[in-house]
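Okay, so subunit A shows up in both of these, paired with subunit B first and subunit C after.
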Partner chain A sequence: MLRYTAKRAFLALMVAFTVSFATYFLLFLSTDPALVIAGEDAEPDVVAQIREQYGFDRPVFVQYLDWLGGVLQGDFGKSIYWRQPVEDLIISHAPVSLQLALMGVFVTIIVAIPLGVIAAMRPNSIVDRFALSVAISAQAIPNFWLGLMFIILFAVMVPIFPVSGDETWQHFVMPAIVLGTSSVPSVMRLTRTGVLDVMASDYIRTARANGFRTYRLLVRHALRNALLPVVSVLAVQLGAKLNGSFITETIFAINGLGRLTLESIYGADIPTVQMLIFIFALMFVVLTFLSDVLNAWLDPRIRLG
Partner chain B sequence: MAEATASSAEQEPVALSPGEALRLRIRNHRGLLTGFGIVCFVSLLAILAPLIAPYDPSEQVLARRLLPPVWVEGGTWDHLFGTDTLGRDYLSRLLYGGRISLLIGLGAASIGCVIGVTLGICAGYFGGRIDQALMYLFTCQLALPGLLLILALVVFIRPSLPILIALIGALGWTLYFTVVRSATMQMRQFDYITAARALGSNRRQVLFYEIMPNLLNQIIVVFTLEVGFAILAEAALSFLGVGVQPPTPAWGLMINEGRSAMFFRPWLVILPGVALFILVIGINLMGDGVRDVTAPENRN
Partner chain C sequence: MPGDGKFLIVDNLRVEIPLAVDSIHPVRGVGFALEKGETLGIVGESGCGKSLTSLAIMGLLPKRAIRTADRLELDGLDLLSLSDKQLASQIRGNRISMIFQEPMTALNPVYTIGRQLTQVMLLHRDVSMAEALDRAEYLLERVGITAAKSRLSQYPHQFSGGQRQRIMIAMALMNEPELIIADEPTTALDVTIQAQILLLLSELQRELGMTMILITHDLGVVARTTDKIAVMYAGEVVESGTTEQVFGSPKHPYTHGLLECIPDPSRVEPGTRLGAIPGIVPSLIGETQGCAFAGRCDYAQDRCHSTEAPMRSQNGRQFRCVLEHGVEEAPPPAALPVKDGGPFAANDEGVSPATASGAAPLLAMDDVRCVFNVRRGIFRQQNKLRAVDGVSLDLFKGEVLALVGESGCGKTTLARILLGLQPIDDGVVRLDGEPMADTGPRDIARRIQPIFQDPYSSLNPRKTIGQTIGRPLEIHEVGDPKERQAMVEEIMGLVGLPRRMYHSYPNQVSGGQRQRVAIARAIIMKPEVVICDEPTSALDVSVQSQILNLLLDLREELGLTYLLITHDLSVVQHMATRVAVMYLGKIVEMGDAQTVFNAPQHPYTKALLKSVLSLTPGAGIPDTHIGGSFPNPLDVPPGCSFHPRCPEATDRCKTEMPVGTDTAAGFVRCHLFDDTAMDLPAKRDVAAGIG
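The block that comes next holds the complex of A and B.
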């Protein structure tokens, strides 16, 4: 187990570094930060001076190592657009995003898992077909459009929840539903397949043949095994929600990390964008690592195989 | 279970040739037929847009701004779906918008396909170090926040259609990769590959004549799903104002433009969204259907 964990941790670390360099390099190639700071119609010698002052004239690799050294010491760089340290920006915007992502995953869980289980208990029944059409529809709905529909419907016709801002928990209800919907299809399908597989397994058949009630079997024995892969997918979905919420945050005027990234991109604020994308990648890597380790701990076949 | 086997045995007598069996499965698959119908219908409308659109999609008639669609009070048959904030005919813009969606969907999915299939075959066929290296690349790609990175790059480079297609495609190869990789790995051990080698086929012949044809079904399934993803990604980017640029009509952009008026004229936002939904659901139904119909485990 320790060996497996160490191996996974090393891989996660490598991936995080590779991703940070790839992002740095791509953003470096795509624009000229000196020109952004100086403004579009600045004199060439002013641009040159800024380039030298900020060190943009050095080779990309040197700049990257410089940046990485800072990050490792807790210095995330200084935002060009917001004119404050990037770490302050991240700390002030993170809680809102985290709350939204957790609530989104919660919505996914309470919709997708029961739906998947019920569908699997009666394969090819009306319930199963209904669950499948929910999955197919949710996959095809543009998420940002769903958000707008909710705003039109609930803000104007049935004003139950506020549709803009992030002051109270009620503000998060509608965005969380919108954000949660996007991962309902995958989690539901996975739950359904998992339960179907387990219910067809020998130990369940034996127990049924011995007269156990199906419902009790499901809750006591089948779900535990069937939901193993679902747990790891949910961890990954949480990571995806943290960075995928930028559209939802924009629509519902929630001042989280996603919206911060978007506005930094519009402001051509490369240090902030670079750091945020790295943070998102890092969170994804960490969550994947945790879910791998959790799975290996729960299922010895993975760590030994 | 026993019943299902009995009834399918009645439907598919043993005497059917593989081709006939496939045709029968296609005919009995309602989802596939519906999806295929939708995709054909939307594609036809999009291709024929210059012929059937009643107006020029970028012609602005300011005297006829924000007309409602025909089923809303005040709507006229002159503008079936009404007009937008600049007085452009909404139906014409929707028809032309379909072209953009399909163009971006097909373009991006093709680019992703070329990258993903090539890497997947390499990883699956050669295995070992090459596989490890490509798997590492795959893990890194998964960790990247795709849509955000595309957004940043598009904004920094300058929003334009070719760049949009290239970026969505270049970051959309992972699904092809996993599917093709594991299929190739399985296939490598089959007897017909060994037989082809024993008959003197070189590596290129084995790849192109033995492995590629057998991957085709799975690639088609992933391709359709990726077209759907790419269309939704483009719509989201255009909605944020960094995808397709005005005055080009694109559904995501139309939703963005209609947003300011959406409380009093909700159809401006509803119609392009419904168009997106219908097209993508058609594409996904088709992809799921092709998978069901061609999957080996469904064959008796």
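The block that comes next holds the complex of A and C.
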């Protein structure tokens, strides 16, 4: 297990470096940063001066190493638009996003997994049909509409939760439900398929022939196998929630990484955008690593290969 | 009432699975009774309701299925009156255990063996974890898993197939059941392992006084291990009685037919046509009229199709047939398909094996090696898997060379090499004297064609049978579409496919017919060599005999040469003129089929032959005297690679690989024969001189 983890960690690190390299260069290829800072109408000599001042005239590779050295020491560069260190921006916005994403995934888990399991235990029954219709609705309803409906229903008409903001945990309830709902369909259906497959497997037949049934059969013999693929999908969903909840954050006026990204892009804030993209990519790398390790822990065939 | 006082009573057991319009009746009034300690064998083709009968006894049928029975009693306890909950808590895994076919998937991959074994006991008995672990350890030792204690914490994938089946047996014994139902317990295993497992099962049964139901399609297994037989056909028991009665003098035409299908040299001359049951098991949808077997029966009369056959009782045996005294007294059916001529000697005009005459081989392998580099993970060292390790082999025109060995020995790689599909790392393959490397893939494909094991996946499901068979003609640009169709239809007639199937798709025809399609595709270009890789392993014995007959006929008609790759030695014995035995990439013995079967030399060949279960009622399972299972081909033992399993291994075998000797009886690679080399007087003189 330790060996496997170390191997995965090393691979994750390699991927992280590749990603940092790629994000840095892609942004450089897409635009001339000096021109962006100086503004479209700037005189050529001003642009040249900025280029020299920021070090854009050095070879790209040197700039990359410089940037990477800074990042590794906690210096993420200075934001052009917000006029403060990028690390401060990220530190101030990240916790809110993290809380929202974790609560969102929590909602997904407590809704999708039980629903998927129940649906699979009685395939094609009324329960199954109900679960399926929940899944289809959740897939069809856009996030922004659901968000607005929640605000109208539970903040305006029946004021249970605050309309917007991110001061207390109550502020996160509605956005988390909205955010969590979006991944219910995929996770639920994967759970359902997983449980159905496992229940039809030879080893479940063995367990049944040995006298196991219903609850014990499910919990002691089926669930662990059925949830193996779900773990990987949940990791990806969590990553997506951490990175891209622009819409939900905007609707509920939550000042997280999503909104920071959006505004930095509007402000042509290259250092901030660059760092955010890198961090988003890094989150996926880390989450994939964690789900690999979790899967290995759950599945001895991976662990002991 | 019949069966009173018996240990297990099943009377008029029926299973019905409702469909949208009609319903399937896979089990139709099955009945039998067993004394304590008896073994019942249930035999029949697939789709006859054998497995569903056993699941019905356990109450483990699919949810939609409806089970009814007049009586279903275990030691006086009425199983019909128990709820599913009561069945689960009192019967399943406690008083009745099951052993299933697929050892590779029947254990839960994510839990340890110890957990899976103890759970069964903890569920039914009021014992502590420590007591359950003790029992699990004891049983693992008993079923032949060494170092049981440490292996309890291992997972299923860390055991071989044979070991997993042993673990399944241990699991079934955890609560000392009174009845064991074994459903094809050895079907997925190699022959040597099969013999070991069966031996173990019958020993344990005797020791623990258990009653057993053994379900299998392997009549040799049943004949040797059971007291009673029930032959099932289309959901009914068509014949039952003691094993000796049923196999000694079968009364029902179906039983008779099944036994005729078996390539058993004690009953059928090798190389002659086997008996066959034409047709397939009928659909089990709806109620049948008359005798279900009438459509395939050589003895069928008009009334068989309209009235149900009566169940007849004679000397404690039963059979369901219109013939009052069964097949024996009826005149032999018009022509039991035995072709005149018989053995291979009949094949004159060059078809007879050309080995002795010194003719040039059609296909020749000279010291061929094929090594796969296996790398598990990027940081691990590369491992070399020597799939074919210095094989020299000649295939002469007209012969049937059988290549035998357990799974993993390199048989299939060798076949791929001969088909030109697998590049070799060393040595040379010659086709008619020309190196195969210089022959284009099209030419090879025209002259050498394969028939594979699985007729389900070796045919493209989106192509009609006509298209599939005609595809080689298209590739080689033979004729115009009309001529091609005529050729396809001709070849379909030759392999026994009705012409109306030209436009059918593979899923619309039976398994046997699919294999006929594969054969038709292989022979349409009139190849010289056909490589048959387990051509009948996926088929029922009744279909197997049809395919084997077809292969023999085609050989005679078209002068084909076969390389037959199989692990089924009874098929080999029936078909082959010459045999090569392969072990871990090397040929260990090769010679004339009759010589090899009558006087095997290599200990491995001897063990393989011992594991062949011929139809000998009550003979029991022979001990093959070879231990363990087939080694990991990535980790070949040093010296003679067979030495860890060899009963005659010496110290020399552990370090030195024998080079192989040509003895009077053929080639053998074993130190026991180092000094018996034939026609090498020089060598012998030298040896004597040194001595």
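Assume the second predicted complex is superposed on the first by the 277 of 305 C-alpha atoms of A that agree within 3 Å, B and C clash if a C-alpha of one lies under 4 Å from a C-alpha of the other, contacts with A are read in each partner's own complex, and residues count from 1 in each chain.
In the analysis below, a contact is a pair of C-beta atoms (placed from the backbone, for glycine too) under 8 Å apart; a residue touches a chain by one contact, two chains touch by 3 or more.
From a predicted model like this one, the values you see are computed outputs, not experimental measurements.
Chemist: Figure out whether A:206 sits in contact with subunit B (first) or subunit C (second), or with both, or with neither.
Modeler: Second partner only.
Chemist: Is A:266 contacted by the first partner subunit B, the second partner subunit C, both or neither?
Modeler: Only subunit B is touched by A:266; subunit C is not.
Chemist: Any idea whether subunit B or subunit C touches more of subunit A?
Modeler: B
Chemist: Give one of first, second, both or neither to describe whether A:225 is in contact with subunit B, with subunit C, with both, or with none.
Modeler: After superposing on A, A:225 lies in contact with subunit C but is clear of subunit B.
Chemist: Quick check on the superposed pair: does A:160 touch subunit B, subunit C, both, or neither? Answer first, second, both or neither.
Modeler: Touch partners of A:160: none, neither subunit B nor subunit C.
Chemist: After the superposition on A, what does A:91 contact: first (subunit B), second (subunit C), both or neither?
Modeler: It touches nothing on subunit B or subunit C.
Chemist: For A:1, decide between first (touching subunit B), second (touching subunit C), both and neither.
Modeler: Neither partner.
Chemist: Contact-wise, after the overlay, does A:65 reach subunit B, subunit C, both or neither (first, second, both, neither)?
Modeler: Neither subunit B nor subunit C is touched by A:65.
Chemist: Give me the intersection of subunit A's contacts with subunit B and its contacts with subunit C, in residue numbers.
Modeler: none
Chemist: Inside the complex, what are the residues of subunit B that reach subunit A?
Modeler: Listed in rising order, the residues of subunit B that touch subunit A are 136, 139-140, 142-145, 147-149, 151-153, 155-157, 228, 232, 235-236, 239-240, 252, 255, 259, 262-263, 266, 269-270, 273, 276-277, 280-281, 284-285, 288.
Chemist: Would you pull the subunit A residues touching subunit C in the complex into a rising list?
Modeler: 7, 201-203, 205-213, 216, 220-221, 224-225, 228, 298-301, 304-305
Chemist: Okay, in this complex, where on subunit A does subunit B touch?
Modeler: Against subunit B, subunit A makes touches at 11, 14-16, 18-19, 22-23, 26-27, 30-31, 136-137, 139-145, 148-149, 151-152, 155-156, 243-244, 246-247, 250, 258, 261-262, 265-266, 268, 270, 273, 277, 280-281, 284-285, 288.
Chemist: Provide the residue numbers of subunit C that touch subunit A in the complex, in ascending order.
Modeler: Answer in residue numbers: 58, 60, 84-85, 88-89, 91-94, 97-98, 100, 102, 105-112, 119-120, 123-124, 155, 157-158, 168, 171, 376-377, 379.
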